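The next part holds the structures, each set out as structure tokens.
Paired with chain B in one complex and with chain C in the other, chain A is shared by the two complexes that follow.
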Partner chain A sequence: MAHQDDIALMAHLMRRAGFGAGRDELEERVKKGYEATVEELLHPETQPEVDAYTLLRYQPASLLPGGQPPMGNVNWMYYLVNTQRPLEEKMALFWHHVFATGNSKVDNYDQLLEQINLFREKGMGNYRELLLDVAKNPTMIFWLDNQQNHGTAVNENWGRELLELFSLGAGNYTEKDVRECSRAFTGWTFETKIPRAPYGRFPWKFEYRPEDHDDGEKEFLGHKGRFNGEDIIDIVVQQPACGKFICRHLYNFFVADEPQVPAWPIEPPQDQKAIDTLVGAFRDAKFDMKPVLRTLFNSDFFKNARFKHMKSPAEVVVGTLRLVGGHELPKPGIGELSMQPTYMGQDLLNPPSVEGWHTGKEWINSGSLMARINFVAEKVGDTSLPGVQAIIGRLKQRGSLSPEQLVDGCLDQIGPVEVGADTKQELTSQAKEWGQISWDNGNAQIADQRVAQMLQLIAATREYQFG
Partner chain B sequence: MPLTTVQEGRVYDWSHAVGRNAARGPGFNYVQSMCLGKNGFLYATNRGNENNFGMHVNKVQLGRGPGEEEHIADFFEYGEGDGKCTWPFGIAVDDNYDVYVSDDWTNTISVFDSAGNFLRKWGKPGSGDGELNRPAGLAVEKNGNIIVVDSGNNRLQVFKPDGTFVGKCGGTGSGDGQFNQPWGITLDKDGNIYVADWKNHRVQKLSPEGKFLMKFGQYGKVEEPEGSYAVTMFGPYVAAQSETAGYPKPGTLNHPTDVAVDPDGDIYVTDWGNHRVCVFDSEGRPICNLIGDAQVLSKWGQQTVDANPDMAKARRRVKSLEPQYRFCFPTAVEFDPATDSVIVADSQRNRLQIYKKVRDYSDFQANL
Partner chain C sequence: MPETQTAQKDPVIVVLQLTGGNDYLNTVIPYNNPLYRDNRKAVGIPDNQIMHLDKDYGIPHYMAPLKQFWDDNKLAILHGVGWKESPRSHFRAMDIWHTCEPIKVGTEGWLGRVAREFDPKKENVVTTVSFGPSLPRSLAVPGVPVACVAGPLEKYGFLPTIQGEQRKQVLERFAAMYKPAIGTGPVMDYMADTGIDSLKGEDILKVAPQKYSSTVQYPNTPIARKLKGIAQTHLADLGSRIFYCDHSTFDTHAGQNPGHQNLWTAVTEGVDAFMKDLREHDHADNVILLMFSEFGRRVRDNGSGTDHGAGGVAFVLGEKVKGGHYGEMPSLKPEHLVQGDLNPNMDFRSVYSTILDKWLKLNPAPIVNGTFEQPAFLH
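Coming up: the complex of A and B.
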């Protein structure tokens, strides 16, 4: 049997680099080894792809969902729940937080899904290449109005956000740099798409219009030349601020909660040494993300950061669905299920602004907390679901359970989750009201219910909101 | 982009499109299957989605040519109880004009009269005789019995019109006579059974008694050709090099969904994942492919554009409308002997594309 510390560490890795794992999977992975698991996560191509054809057989409208929810959300939720490449999907979520585009303006979930697919395919590749692809991505072009950025009439929206939110962070460029950067991206636009009526959606296609590009000399971040957009990206990624900005994002997303992005120019990172380590890997790998992620997941600062990260709504919902099982096929009702993160404050494919979501403790308010607890409680309380049955089955093997054993067993099987003494006492006092539970002598149904109820209570604790 | 396909003694002339994107009324909403009734009526099951809940069956009078289509009725709409559906799938009409529809979520077969009035239903979930697991395509035999593609159980089951179990064949696997999540079904004039064996990427032909006779098709797809225009993340690809560069070689299939057989014995397969209709001869030899040629808007489609000036304006600015001509995940195919028409449900485009099989075609003068 795997050592409990190894299980807890593996659970931590799978929560952060994926969306959690059941106990059977954790034990298999512990046998395989921590670093070997990191390598598997970093090489998604070694695992099967999601079977998109099954999704399209049962929910064909999720392919080109148009502008109304929930079918776009259905598409991504199906991938999130079914993927055997969890880090690939987690990186798509990460990049869509950094390069945030939203359906509120784009009004084309199909275009947003195409962008998610870009993050899926290139999210662990080279950051420079990804940034270039994002600059050419029609969804981003429309989101930040670059189709209105003309050689004779500059629109600075894309140019500004490229520097402020996608690469350097505020304070690391001047207003003149914004202007010059924007000039370099004039003429980067898209072809007129076939409109939605009468046959549904068609995609945009990137188009470079040289006649609309300002080919004059520009001065940008100390460099002079007749720069085009790609030249700007080459200059940007070489800036020391770029690595610091991207690596702080990585730290905030994978390791421990940082302040919100607008505060970064005035609030230093909580672990500067960790950021420096990541920046070194980023620079040495010439902006290749995989070595940075390898450094991150194998670091002590990551391993020691258990439960220092507030689960995002996507992590709450997807983690729960993968834990309890039974939601792999796109059943009727998947639309409502796919909107659950929205009800908790994270509308997938529709972040509130170009800044992405505010994370950490800002995920929590009285409404979102209730939504989180109710959702998880409903799922872990359903003893017909295979993942809940598996938890019950493992506890049942112990014959009968004292109140303390019930609490410890449930905390272990649903996480393992670590709780404080007060919480433990609260849980135990409830378990004591139920007394010893046993699956003998016709008590099985009650025992099953007690396990499910304890899981529900755990889901309602403060500690369970952290991952 | 020729509108006429000439290959091995066959000529297919693109005729017209019928439909538009509509949750109800004139139009379609993700057709899963369709069938021809009597007197030129066509019935289609629409999957809808979880925004518009446009699941329903629609009845359309096709007419004999462009512009003659009429929307007649919608029935079997989303809801609970008799005459309501969750996920309508297969559909067939018997000689009494009664319409049979499968629901692959409730595991039932519902029966309606030709006007769409609910008559009866049967079916319960399971794998025993007469029980169903995600029923898909339906076909009516000459004796009036109903063949149900019991997709989740990977078998065919035969029922009397009242739902009495008669027999079954098939099983799970990729061997002869076995299935992997089959979808559509059709019968030829001799009662032989053709099944689109969806996840085995092939078509199987069985005798009227369910004995394996023939199979054809093997898995194949193309990766996105360099410089092409991907209409969706999974194709079709409008390739710069040539019209056919975006499609795999003849005889290959990617999740076929339906089959039709014409009176000459030629077989039509909706090659769903490859966005085309593959034509095979009666021995299963590939003849040609139809990839969608809707260069003219359907009547209802034109009405929509006319009512939305911005759409018309945008269409005039598009560099190429070719992506709109192509099939996108076609799900169903029927051959209408009365009009020599190949009717294709172009599911993601919410329309039908209709080709004529031209029998008296004489070539034009080459020096025109």
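Coming up: the complex of A and C.
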């Protein structure tokens, strides 16, 4: 049997690099080894893809969901819950946090899903290439109005956010740089025949219009030339600020909660050495993401960061659904399930603004805390679900459990989750009210219920909100 | 202190945040100024679609419900609000409005400080109620409760599936697990406070929709739903003093017409229904409503919209508001613009200071971090 600490470390890796894993999977991965698991995660192509046909058979409307929720959410939720390439999907979520693009304006989940697919395919590739693809991504172009950025009338929206939110961070460029950067992207637009509603929509396609491009000389971050957009991206990625900015994002998303992005120019990172290590890997790999991620997951600063990250609503919902099982098929009801992150403050494919979501502690307020607890408690309390049955099954093997054993067993099986002494005392007091539980002599149903209720109580703890 | 007469008369502030950078010049239009037409070739509001407020300014027709407030002398227009070094970043700019800290990163929201003054012993966990999925930074102060209502008020509560005798027991256990413990760190403390305060708040807030009835029909828009929730809570006399909601996104870089129109139609119709509702229930006298945005937009349009600017406009309306213009619209002359933007000439903390001093009866200086002029828009 695997050593308890190996299990806990593997659970940590799978929560961060994916969306958690049940005990069987954790034990298998421990056998395979930590670094081997990291390599497997970094090579999604070795694992099967999500079966899109099943989704379409059950939810045909999720193929081209149009502008109204929840079919767009259904599409992505199905991938999130079913993927056997967890890091690929997690990186798609990461880039969605960074390149936050929303349906509130795009009004087109077809295009938003296409953008997520770009993140899926290129999210672990080269950052320079990805940035260039994003600059040419019609959904992004529309979201930040670059189709209105003309040689004769510059629109700064994309140019500014490229620098502020997608590469360098505020404070690392001037207002003039924003202007010049925007000029370089004039003529970058997309071909469209919108709207065709109510008869459907045509896909959007990138288009470069040289006649609308300002080909004059530009002065950008100390460089001079008749720059086009791609030149700008080459200059941007070479800036020392760029690596620092992207690596701080990685740290905040995968390792431990940082202050919100607008505070970064003012507040230094909590672990400068970790950021330096990541930046070094980023530079050495010439902006390839994979070596950076490898460095990150194999580092001590990552391994020591267990539960130093507030789970995002997507992590709460997807992690719970993968744990309890039974949601593999996109059955009726998946629409409501897909909207659960929204109720907790993270409307996937529709972030509140281009800044994306505020993370960490700011996920928590009275309403979102209720939504998180209520959702997880409902799921882990449902003894008909296979994942809950699996947990019960493992505990059942011991025949009967003392109150302390029930608490420890449930904490172990649902995570392992670490709780403070006070929390544990409360859980134990509750278990003591139930007394010894046993699956003998017709008590099985009550014992099952007790396990489920203990899991619910654990899901309601503060500690459970961290991952 | 629910259900008391004094609670009902305490001054209440409602904040409606116009997220994304509202275009000042198309909101309060200097229709006689030739520079307005020169700069707004694409997105300028045609003369026949402007409702004149006076000989200098008008509002676009799609803000029509505000006209009545103006005519009744209940709408204050605060010109040129912002601050000198206004960043063009939405997020930094909004943070500064929320925390009154233009230089460093503020940790306390200005309204959170107000709530702490109102209720230092945390006797009422619904002193502040925010409608929306996230907690605005302006309300956040460690240890100060905020009830955040994301969905319908009726559904606000923990573990609704557990009912009956068991419910009491489970919720008691929950409360015990959320009691603050020494040495667990600020985030755990924050969660402890949030858990306990929400637990107390759910019983209080649930009453509001049950007690509510009204003849006023709210439009079916997100902002109107939020304002209706605010009205329900205010009318239930629960002692709530600070309400918050927002509408977005006013970031009209492109397609400003009709984008700006849809946004303001929703906001002004919602506000109109809200104030009618309060008046119908004789609960309007102790309420003022502040509308602000993190910055205004660039003077010259970009062909279909407007880019990030600096100086903007704020509104305060209510029965006790002294209607009129406060401050002056900053000059549109090219030589007076800063990087193409209106140079703010009223510090946003001035607006807060008047509200704090004249309405909420609090010393503004420690809340807004300094002493600022107070435009006299309150009786």
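Descriptive notes on the structure:
Keep in mind that, in the parts below, the second predicted complex is superposed on the first by the 464 of 467 C-alpha atoms of A that agree within 3 Å, B and C clash if a C-alpha of one lies under 4 Å from a C-alpha of the other, contacts with A are read in each partner's own complex, and residues count from 1 in each chain.
Convention: a residue touches a chain if its C-beta (ideal position, glycine included) is under 8 Å from a C-beta of that chain, and two chains touch if they have at least 3 such contacts.
Source: prediction; values computed, not measured.
When the two complexes are overlaid on their common chain A, residue A:S368 makes contact with chain C while staying clear of chain B. For chain A, the partner touching the most residues, choosing from chain B and chain C, is C.
Once the two complexes are overlaid on the shared chain, A:Q430 sits against chain C while remaining clear of chain B.
Legend: residue contacts after superposition of the two complexes on their common chain; A:P69 is shown touching chain B, with no touch to chain C. By the document's definition of touching, of the two partners only chain B reaches A:T192; chain C does not.
Judged by the touch definition given at the top, the superposed model places A:P203 against chain B, while chain C stays out of reach. In the superposition on chain A, no chain A position is in contact with chain B in one complex as well as with chain C in the other.
Against chain A, in their complex, chain C makes its touches with residues 19-20, 87-92, 95, 104-105, 130, 133-135, 145-151, 156-162, 170, 173-174, 176-179, 181, 184, 187-188, 190-192, 194-195, 197-198, 201-202, 248-249, 251, 253-255, 302-305, 307-308, 339. Listing the residues of chain B that touch chain A in their complex gives 20-21, 27, 29-30, 32, 47-51, 86-87, 105, 183, 198, 229-234, 255, 273, 297-298, 300-302, 304-305, 308, 310-311, 314-315, 317-319, 321, 323-324, 329, 347-351.
Interface residues of chain A, counted against chain C in their complex, comprise 104-105, 144-145, 147-150, 152-157, 160, 164, 170, 175, 178, 259-263, 266-267, 310, 342-345, 347, 352-355, 358, 360-362, 364-371, 373-374, 377-378, 381, 420, 422-423, 426-427, 429-430, 456-457, 460-462, 465.
Per the touch definition, chain A reaches chain B in the complex via residues 52-53, 56-65, 68-71, 74, 110, 113-114, 117, 191-200, 202-203, 205, 331-336.
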